[in-house]
Amino acid sequence: MAKKIINRVLVSIPVLIGVIFIIYVMLNIIPGNPIEVMMAEHARQDVIDRISAYYGLDKPVWEQFLIYMKNLLHGDLGVSYKLNRSVNSLIADAFPYTLKLAIAAAIVSWLIGIPAGILSAIHENTIVDRLFMGFSLLGVSMPVFWAALIFQYIFAYRLAWVPVSGADTWQSYILPAIVLGWSSAGTIARLTRSNLLEVLEEDYIRTAWAKGLSQAGVILHHAFKNALLPVITMMAIQVASLLSGAVITETVFAIPGIGRLAVDAITNRDMPLLQGTVIFTTILIIAGNLIADILYSVIDPRIREK
Amino acid sequence: MSEANTLEIRHLRTVFHTRKGDLAAVNDVSLTVPKGKIVGIVGESGCGKSMTAMSVMQLVRKPGEIESGQILFRGEDLLQKTPGEMQKIRGDRISMIFQEPMTSLNPVYTVGHQVEEALRIHEHLSKEELHRRAVEIFEAVGIPEAEERLKSYPHQLSGGLRQRVMIGMAMICKPDLLIADEPTTALDVTIEAQILALMKKLRDENGTSILLITHNMGVVAKMCDFVYVMYAGRVMEQAEVFELFRNVQHPYTAGLLQSIPRIDHVVDRLYTIPGVVPNLLHLPAGCGFCTRCRYAQDRCYEELPELREIAPGHFIRCFSTNQELSGKEESHA
Amino acid sequence: MSDLKHFRPDTAFGGKNEKRDLTSSAKKAQDPDAKLSAKDKKRIQLAADLGEAETGWDKFKILCSENKLAAASAVIILVIALMAIFAPVVAPYDPTKQDLLHRLEGMSAAHIFGTDQLGRDVFSRMIYGARVSLVIGLLPTFLSLALGTVLGLISGYLGKAADFVIMRLADITMAFPSLLLAMVVMYTLGAGIVNIFLALTFVSWAGTARVIRSQTLSLREMEYIEAARSMGVSKWRIMFQHILPNCLPNLIVLFTLNIPGSILSESSLSFLGIGAQPPMTSWGLMVSDGKQYLFTDPVVAIAPGVAILILALAFNFLGDGVRDVLDPYLNKQ
């Protein structure tokens, strides 16, 4: 078991290095000096040169990469051009907001997605099934930013139940969490449904009925745990979709999280900040996949042993 | 209603609703399981024997439906029970084991958990008591190192052990009726003998009645007190086991018996009944077997023979007896 | 029907996975005892009906009646596509014509979705915007599918180093959050429609590559591929003339199901201001422009969003329908 986990961690390392390399290359192949681009024609050449030297931009590209990698190994993501603060501290400030939003949204998506999937499977091909699946597909097909605006209009502006935007109180998180959660609830509901339907065909489910278990007992105790395994993998992939979705949700609801940071970095052409946020998010996603793999093998005794 | 019979099925009809019409998987089947006896249902796959068992458990799945009949269990009609009452009976008074011990146990729970669960549903016992009873039943079904084995997951056990676990799980509440659906089909011959012996032993110790479903005439001969031969949803022949083997009268049963290899009888090729089990949607109007019966006459295609008693307790659903038929054939030849 | 109750186990019991393979269904078909779910029966029936249909038109009619939702979705997509193609004819106004005297007028007979902040007709702009959404929906999806297919074939058929490199690249691509990756690409390349094509292609090729690779791996072992190889057919020919056609049903399903994702990604990028740039109109851009006036004039922002939703939903329903139809064929291989 421990060996398997270590193995799995080791496999992630090349992926991580590849991710960092690709981001670095993509952001650094833009011709021209980024400082020059940022400052446009307002600055004098000697100022640009000084600032470039300060950020190490006068060195050859491969040397810059090595320096970046060396710093990264020490957990240093560099300094923002625009804000002149370390990217680390910017991310540290922003991350709690994104984390709160992502956790709240994940909870919303499970609370909607898993029961909807179970009910659809139990009532397969009935009106209940169609309603839930239609609702899920609606969530999947809905542009997040648009749903955010509609919710803002109805619940914050018209009904005034919750704040329009910001992140000052816990109430501010309600709308963004629902918007973001609903969009991934659809995927979870569909996956739960199809897995449960598959598992309900298994012989051991027949055994469970024959034992005299109630419907709730059969489904929650015997079918659900087996059906849940792929859903857990799904939840890891969900980390990615929640973090992607957070970019939009944070923008619409003016939450100062990682997503906002990335959008601002693009607007300001702040390369180190964009690079830092993307690398940080990708590390989170790789970690999420890792945790899902480990969880999967903890739950399934057949995998645990191999 | 005599308490002497654990189970009495009367005129049971279970149908499947399909796009092209209804299909009767179980058609007017009546059978009796006397207390403490082993009753066999034999037939090829698709003859409705498993559906009969599932009807008793009331675990028939859509689009199947029990259409009519009575299933009297210790004198009470199970078909009049509410789902809640039926749930209390399943696993407690009537339990069932299945063909595939490999897939019939839930892979994500220990076998101990699954066996204890069967008991916990029906009896309120302390944790220690549940565990003690589980160990006890494991020992009773011949699982060595019961304490250790309870902690195993199904995939860690052999097929034979798994079927022992299934039997233990089914027997832990000391049911009145055990339904065994092809319990040994998936097992090796040596393991098969052990499992059959175990079932017999448990019957003798607890007085449990057993409804044994199989396609194997050898198993029937070894195990059963009474036999029902089913074909295309109907009972074709029924008799006490010695009577049946000594005095086979239905051509279908005769075919089944001829298809078992025998040591005392050297043949070039093993006999097989020609043709295949007919599609239940396109059954002939008359006897279901007529398309494959070498003695079939015009009448057999048009008219369904009734079950008739040809010797005390021996019924066949055929216009003639095998003796008459084979005699006729010899005179023809 | 009978007077018997419908028992709860029935409802909970009769399920089937969407992606169930037909081989197991076919095995069950030989054994009426093992029941088929309603959905399997429907599929087998559908496959049979399709086989009987003589003309393509007949087949089309059967498919439409089978999945009305998918058929309706196809009609909606067709209508939107026609409106986009004939936009100059259909649109009541010039989408770029400003009328500052009539800014942000709500819904009226003259302007069914009102006018925007520059007095332009929202409905006309939506019709032109459909061009962007449709092209973005189809083109990058097609490009990423093509790229993924080629890489998947190479990876699966050639194996070794090529396989290793391609699959590690796929791992890396799939580790990125797709929207952020697209944002990085847009940052590098600059905003604009052609760059969206490249960004979305770059983000989504890996999923296709994995699917095609695994299919290639299994097809590679087939006898007819072996035969082609032994006859000296070149490996590129085998890949593209023998293996690729077998992947086609899968590709069609992937294509339809990936379209909504592309549409939504484009609208998100445009909403963030790094996608389509004015004076081009895109639905995402329109929502972005309208969001400042959300509380005073919500229609301007909401109407184009509804359009995105309808188009994405229609493609999703169509994709589900296509998968349901092609699935039996997929699994026959």
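By letter and in written order, the chains are A, B and C; residue numbering begins at 1 in each of them.
In this text, contacts are C-beta pairs under 8 Å (C-beta built on N, C-alpha and C of every residue); 3 or more make two chains touch, one makes a residue touch a chain.
No experiment lies behind these values; they were computed from the predicted model shown.
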Remotest chain, subunit B as reference, centres from CA atoms: A
Chain at the geometric heart of the assembly (C-alpha centres): C
Centroid spacing, where centroids are CA-atom means, of subunit A and subunit C in whole angstrom: 22
Subunit B and subunit C, separation of their C-alpha mean positions in angstrom: 50
Residue list for subunit C, restricted to those that touch at least two other chains: 8-9, 11, 13-14, 38
Multi-chain contact sites of subunit B, meaning residues that touch two or more partners: 59
For subunit A, residues contacting two or more additional chains: 209
Residue ranges of subunit A touching subunit B (in the complex, touch as defined): 202-204, 206-214, 217, 221-222, 225-226, 299-302, 305
Of subunit A, residues touching subunit C in the complex: 14-16, 18-19, 22-23, 26-27, 29-30, 121-125, 137-138, 140-147, 149-150, 152-153, 157, 194-198, 200-201, 205, 209, 215, 218-219, 240-241, 243-245, 247-248, 251-252, 262-263, 266-267, 269, 274, 277-278, 281-282, 285-286, 289
Contacting residues of subunit C [partner subunit A, same complex]: 8-9, 11-20, 37-39, 168-169, 171-172, 175-181, 183-188, 260, 264, 267-268, 271-274, 284, 287-288, 291, 294-295, 298, 301-302, 305, 308-309, 312-313, 316-317, 320
In the complex with subunit A, residue positions of subunit B that touch it: 57, 59, 87-92, 95-96, 98, 100, 103-109, 117-118, 121-122, 153, 155-156, 166, 169-170
